[in-house]
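Next up, some structures in structure tokens.
What follows is a pair of complexes built around chain A, which joins chain B in one and chain C in the other.
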Partner chain A sequence: MADTNITQVNSPAVQSTNPFVLFFRRYGWGYAFVFPSFLAFAVFTFFPVIWAFIISFQDFRPRGGGSWVGLQNYIDAFTTQNGVFVEALQNTVIYAVVTVTANIFIGLFLASLLQPLSNKFQTFFRAAYYLPAVTSAVIIAVTWRWLFNTQWGFLNFLLGLVGAEPVRWLSDPDIALQSIILSTVFTIPAAGVVLFNAAMNSIPKDFYEAADLEGAGPLRKWWSITLPLIKSTTLYVVVLYTIASFEVFEKVYIMVPSGVGNSTQTIVTQIYQTVFSQFRYGVASAQAMVLFVIVVTFAVIQFRFFRTDVEY
Partner chain B sequence: MSEETRKRLSRRKFVALTGGALVASGILAACGDNTATTAPATTAPAATTAASTTAAATTAATSTTAAATSAAATTAAGTTAAATTSAATTAAVTTSAASTGDFITSKSGYKGNLDYWALGYAAGGGNAFSKSSDSAVAAFMKANPDIKVTITGYTPDNAGFAKVVNAVQSGSGVDAFRIPNDSLPTLIQQGAIAPIDDYLTADDKNDILPNLFDLVKVNGKLYAWPLWVPPVGMYMNLDIFKEKGVDLPPKTWTYDDFVAIAKKLTFTRGSDKVYGFSALFDPGGVDSWPFILSDGALPLSSDNKKYTWNTADAYSGLKKVTDLALVHKVTPPDFGTQKQDDLLTAMKNKLQAMWTRPSGDAGTLTQAGLNIDIWPIPLGKSGKPISAGGVGLIAVTPNKDTAKQKAAMDLARYLTSPQVEQDVPGYYLAPGARKSVTVKAPYNKFADIAPNAWITPSIPQWTQIRTLIHPNIQNAVFGKMTPEQALSQPADEINKLLSQS
Partner chain C sequence: MALSVARNAGRQAPSKITVPRILMWTALILTTLISLFPMYWMFVTAFTPTQDTIKTPPDLFPHADLSNFERLFSSARDYWSWFANSVIITLGITFFHLIFDTLSGYAFAKKKFPGRNILFWIIISTLMIPPQVTLVPLYIVVQNFNLRDSLWAVILPGWANVFGIFLMRQYIQTLPTELEEAGRIDGCSELGIFWRIILPLSRPALAALAIFTFVRFWNDFLWPSMVLIKSPSYTLPVGVASLQTEFSTDYGLIFAGSAVAALPMIAFFLAFQKYFLEGVRAGAVKG
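Here is the complex of A and B:
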């Protein structure tokens, strides 16, 4: 064994002073295993983002003949189409603020209800709550569209039972966006429940036992032990839902495919319309970059707000 | 620190170098020649979530809804839409010229596969149009055993158009494709369509309606094979008329006649509410536009240089639509936001008496056993039963393989010929673009409507113009804008767009 090592050390390859050879000898296998997923990330995520950024400064034409236009696409993004992109930004911010807040609270609430249950029941409810996450978003949107139907929808049926007038949930521009928000809020935040539940279960029981000895009640324990110790998970869930909310598309597209005036336009539906209906690739890329900046800004703020040094 | 350690590449440095190289390669690639073969990578989501399609009928319907070129733009300026297309389309309706020779045999010498993308096609003969397309392509392949044609379907909505447009723009996988005329100019601008001039015979030039050539002409070259002109007609659900004892009106009915009938046909049947009228409002559609046009106002000037829907005749036209919901209450509560599927279902379930829709759905409803008839749009101040529509085209993508290009042209020519209707009876879902094409029932009921159809303009700006107009029309229907506000507000931006060459 010792001879073998000596042989290897004395071999010409090991004695190489080329830093790349040394590097790959030391770390090569690790990078080889990472390479496939890195390649997929580079090709399908990183490169498209860089390309979209560049296109946002071009009058881009897929088959050639495009030209550089400086910041004109960014100006056009905000000023053309009767300023609908600004309206879309406002709608998206409202949607994100309401749905993220609601999803976090609902997720926390349900996970807290699960925490005292036995493992068997926790597993059952986790699976039950996770069901919406494995159901196609399109199916969920179609179902909500049916629930909201003015003539034969379930919600208006319920209203009719108490003698209330039917509501035009998805055809009244004053409430169409709120209806879509409602559908998101009432769809259980599956990932949130599961993640919060896992985080809560990982908190050492000693903390709660100590609190019991001090005479702390359930609410006090939840507020002073559970919440602070799942802060890192809360950060993750908040960022996750914020990104998803800013990128809301399929729900709006399925529920109100022709729009309700511009009252249900969101950033991504606007991007979709700009690129696939109007074929303005440069402007759509500029709008996508604006979305990128907004999401990054919100994520940075959230990281600052929720950051924690607590480890256990 | 040893010499070896100093020379060793740190992980951080390696990652930094790799990342830098990747960014640099991305920038170099993107700054280079823009002849990339992939679609641009915006963050827009996949189009596949889009709404599903209905049947065959919608194929023709969408040709209309999406729209394109204005006959008006290239023909003499008429004072009404009716004037723009009448002569040529009338010829289509009334003339049955002799078939102009052999359309099915390809003399290209090409051996191999052709990819044909068909609007509204569902694999396996999922609807009537799919079956007729399969039969037509099978006939072509039988006559040309060396050529295999693969059909890919796409849905008649924005998502579907996006799918085919992106496929065409990527430059691969599409040899011939169905496209509405309003999407054509953008593709021509991008060099994604091959001119057809060299493949048109003298007979073709005599047979195809001359004003339709104007819709596919750019810089003197012709870019697509006109297939049909599906105009919007008034679908009458005859069983509901019978149920309420309402007689069919004369075909010269007025808007007031229409409102009176719609009121009679709005009633409660058991737990169901039946409505007199509804229509689709979609940025890609013109189903509700005939009423707006009926007083004689066209959206654009005859040269397509000026927005002209900011006039009293346009406002009164739009008011006719808004009054149906806000004053006369003859429309469903979701009027203005209903999906095409909802409307089709309401007709099939006899919950809707009248419907403005292009010709394609006539077949779907007839095959579903529904008792329908087609009526012209009620007369307005113009005194003519003005309709709206687009032109369905088959275009061919450029190909360096000249034999393959010719084979694709031969396929497109056959699929827009009178011979295909003889080989596959019922292939045409709308009045044909050739004088020699005779269409069968129920599509022939649109023959009298087509001459008075305003054809959407074939200009690149139209895709933006229609999305400027659409939400305002919706807001007027919801009562959030007056017709004046709805149609005058986008004037400045549309005129600015039109001023761009």
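Here is the complex of A and C:
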């Protein structure tokens, strides 16, 4: 490119014939500029991931250890404490399926309602939906725990108004997971609304005008124009929320700190407990690898879709 | 584009009241109320004397009572230290990203060097790695180097975050190359070009990056809760979580603590909303 040529012409290094020197005169700055970021990833991402993979085959405990145990950690991961991790996997899948489905539908629904509004109203509602998302998951969870309080909680107060019995939202093992799911469903999927809204706003308006000439109604237009044209965004949002829901932790950890039996265990709360209650780092790493495989599977779908993105 | 849809939603003039219109606005307003209610309830509880938080029916509107806050600052003695830790950690992470994400974003956008695309995709691929996978090894390192309760244990891993590189590359790609070339002809050094031309021109993207990074790490919980063990070194989310166990039924105090922790982010969002939502959208644009 032109910029590298100019560097060459102006720099005295043109006289040098050492290919090594020439290479670095020419490209050195590029490498230098990406180096700090790359170093951060090398130390805090690549190295730990590789090490986690190694530990998952070792008997690793806080004080020393490190003998190879083959697949024993993976076997233990699924069988320790009567297979609580299997239950955690099931709970996480249930959580993911229900919340992702609800989030996508609510996000699409609200973004579609926003589409015909003026910019002023769109900005207002986007902000209103997004505001709670800027506070920490911990605070949101603390608040929901309070809303769910059996004796003094707001939800049971509402139920009381219609004469219903108070519900033990978070202490009844049969419904604790459902309560947590409920709190996620009732949290408006703010990022989803913002992304869908942006995608819908970028649809050329001629498409709708052409449909008008054909006499298409609003629902028909939504189904035949809006939905197909925001397909790539929809896929992206699905993957985004799916990955996030497989990594659910704060919410559960705060709302039911000691768990309600095994009914509210998720993958990440299990990893956390294997580290801090059992001190079995190898088993925890094996569990983390299971999470890794699940998330990568979804992420690969995401990357595939990135490449085959349809333009209009 | 939006208007044409409105025009055709019913064939009537936009101001006319129709059934679909009423339903639409009801849904929007109802969901807004649902969205904001937990936060509203947090503030109501924070301003209600604790003995009044446990009664039926509950008071639906806030009192003008500051007793919870007084108790918070006298009982939870470390609260301001949590606040300070959160500020230091978040600023430490944000400053790194502002400088180095822009540097690498610039290199990935404008510099040519062998392996550039491979390096970029390697970095982008870290998006797929759940942060929980790195927890155990990092925790072992923190233990062995005795970094528990050190703020560095939280700041340093925060530097490996891909969002900013992606955002800055996207943005700098749109800047005209002529400006850099003009700088070079005027004898500006490479670092000078970065500092005097690229960085100032990237201001809008930098704002989005700063805000996004700040909020993301201000609210971070899992990793800080693992390595910050003693109360004086907590961050706000870790501290707020600990209020729950320490003052289990003093709901007024717990929510006073939550409200003070949430307030800076709420103010931040209201002030910089535009940049914020820009950041959300930028994440969705393909590379």
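The criterion applied here is as follows: the second predicted complex is superposed on the first by the 257 of 312 C-alpha atoms of A that agree within 3 Å, B and C clash if a C-alpha of one lies under 4 Å from a C-alpha of the other, contacts with A are read in each partner's own complex, and residues count from 1 in each chain.
The rule is short, and it goes like this: a residue touches a chain if its C-beta (ideal position, glycine included) is under 8 Å from a C-beta of that chain, and two chains touch if they have at least 3 such contacts.
Model, not experiment: these values are computed from the prediction.
K.L.:
Specify the outcome, clash or fit, for chain B and chain C once both structures are aligned onto chain A.
P.N.:
Because the two structures are overlaid on the shared chain, the partners are seen to clash.
K.L.:
Counting only touches as set out at the top, which of chain B and chain C does A:P257 meet: first, second, both, neither?
P.N.:
both
K.L.:
Looking at A:V138, would you say it contacts chain B, chain C, both, or neither? Reply first, second, both or neither.
P.N.:
Touch status of A:V138: both partners.
K.L.:
Is A:A191 touching anything from chain B or chain C once the two structures are fitted on A? First, second, both or neither.
P.N.:
A:A191 contacts chain C only, not chain B.
K.L.:
Examine A:F33 and indicate which partner it touches, taking first as chain B and second as chain C; both and neither are also allowed.
P.N.:
A:F33 contacts chain C only, not chain B.
K.L.:
Is chain A touched at more residues by chain B or by chain C?
P.N.:
In the superposed model, C touches more residues of chain A.
K.L.:
With the two structures laid over each other on chain A, which partner does A:Q72 touch: chain B (first), chain C (second), both, or neither?
P.N.:
neither
K.L.:
Quick check on the superposed pair: does A:F47 touch chain B, chain C, both, or neither? Answer first, second, both or neither.
P.N.:
both
K.L.:
Would you sort A:L22 into first (chain B), second (chain C), both or neither based on which partner it touches?
P.N.:
In the superposition, A:L22 contacts chain B only.
K.L.:
Check the residue A:F292 against both partner chains and state whether it touches chain B (first), chain C (second), both, or neither.
P.N.:
In the superposition, A:F292 touches chain B and chain C alike.
K.L.:
Thinking of the overlay built on chain A, is A:T150 touched by chain B (first), by chain C (second), by both, or by neither?
P.N.:
first
K.L.:
Residue overlap on chain A between the chain B contact set and the chain C contact set?
P.N.:
In chain A, positions 27, 46-49, 51-52, 55, 60, 62, 137-138, 151, 247, 249-250, 253-254, 257, 268, 271-272, 275-276, 281, 284-285, 288, 291-292 sit in both the chain B and chain C interfaces.
K.L.:
Name, in rising order, each residue of chain B that touches chain A in their complex.
P.N.:
3-4, 7-9, 11, 14, 22-23, 26-27, 29-31, 33-36, 39-45, 47, 49-51, 157-159, 161-162, 165-166, 169-171, 186, 189-192, 273, 280-284, 332-337, 339, 463-464, 467-468, 470-472, 474-475, 478, 480, 489-490, 493
K.L.:
Looking at the complex, which residues from chain A come into contact with chain B?
P.N.:
Per the touch definition, chain A meets chain B at residues 17-20, 22-23, 26-27, 42, 46-52, 54-55, 58, 60-66, 80-82, 84, 137-138, 149-151, 166, 168, 170-173, 247, 249-250, 253-254, 256-262, 268, 271-273, 275-281, 284-285, 288, 291-292.
K.L.:
Which bits of chain A are touching chain C when the two form their complex?
P.N.:
Within the complex, chain A touches chain C at residues 1-4, 6-7, 10, 27, 29-31, 33-34, 36-38, 40-41, 43-49, 51-52, 55, 60, 62, 106, 109-110, 113-119, 122-123, 125-132, 134-140, 142-147, 151-152, 154, 157, 160, 186-188, 190-191, 194-195, 198, 201, 203-205, 208-209, 212, 218, 221, 233, 236, 243, 246-247, 249-250, 253-254, 257, 268, 271-272, 275-276, 281, 284-285, 288-289, 291-292, 295-296, 299-300, 303, 306, 309.
K.L.:
Which residues of chain C touch chain A in the complex?
P.N.:
1-6, 8-9, 20, 24, 27-28, 31-32, 34-36, 38-39, 41-42, 45, 53-58, 96, 100-101, 103-104, 106-108, 110-114, 116, 119, 122-123, 126-141, 143, 156-157, 159-160, 162, 165, 177, 180-181, 184-185, 187, 190, 194, 215, 218-222, 226, 236-237, 240-241, 244-245, 251, 254-255, 258, 261-262, 265-266, 268-270, 273, 276-277, 280-281, 284, 286-287
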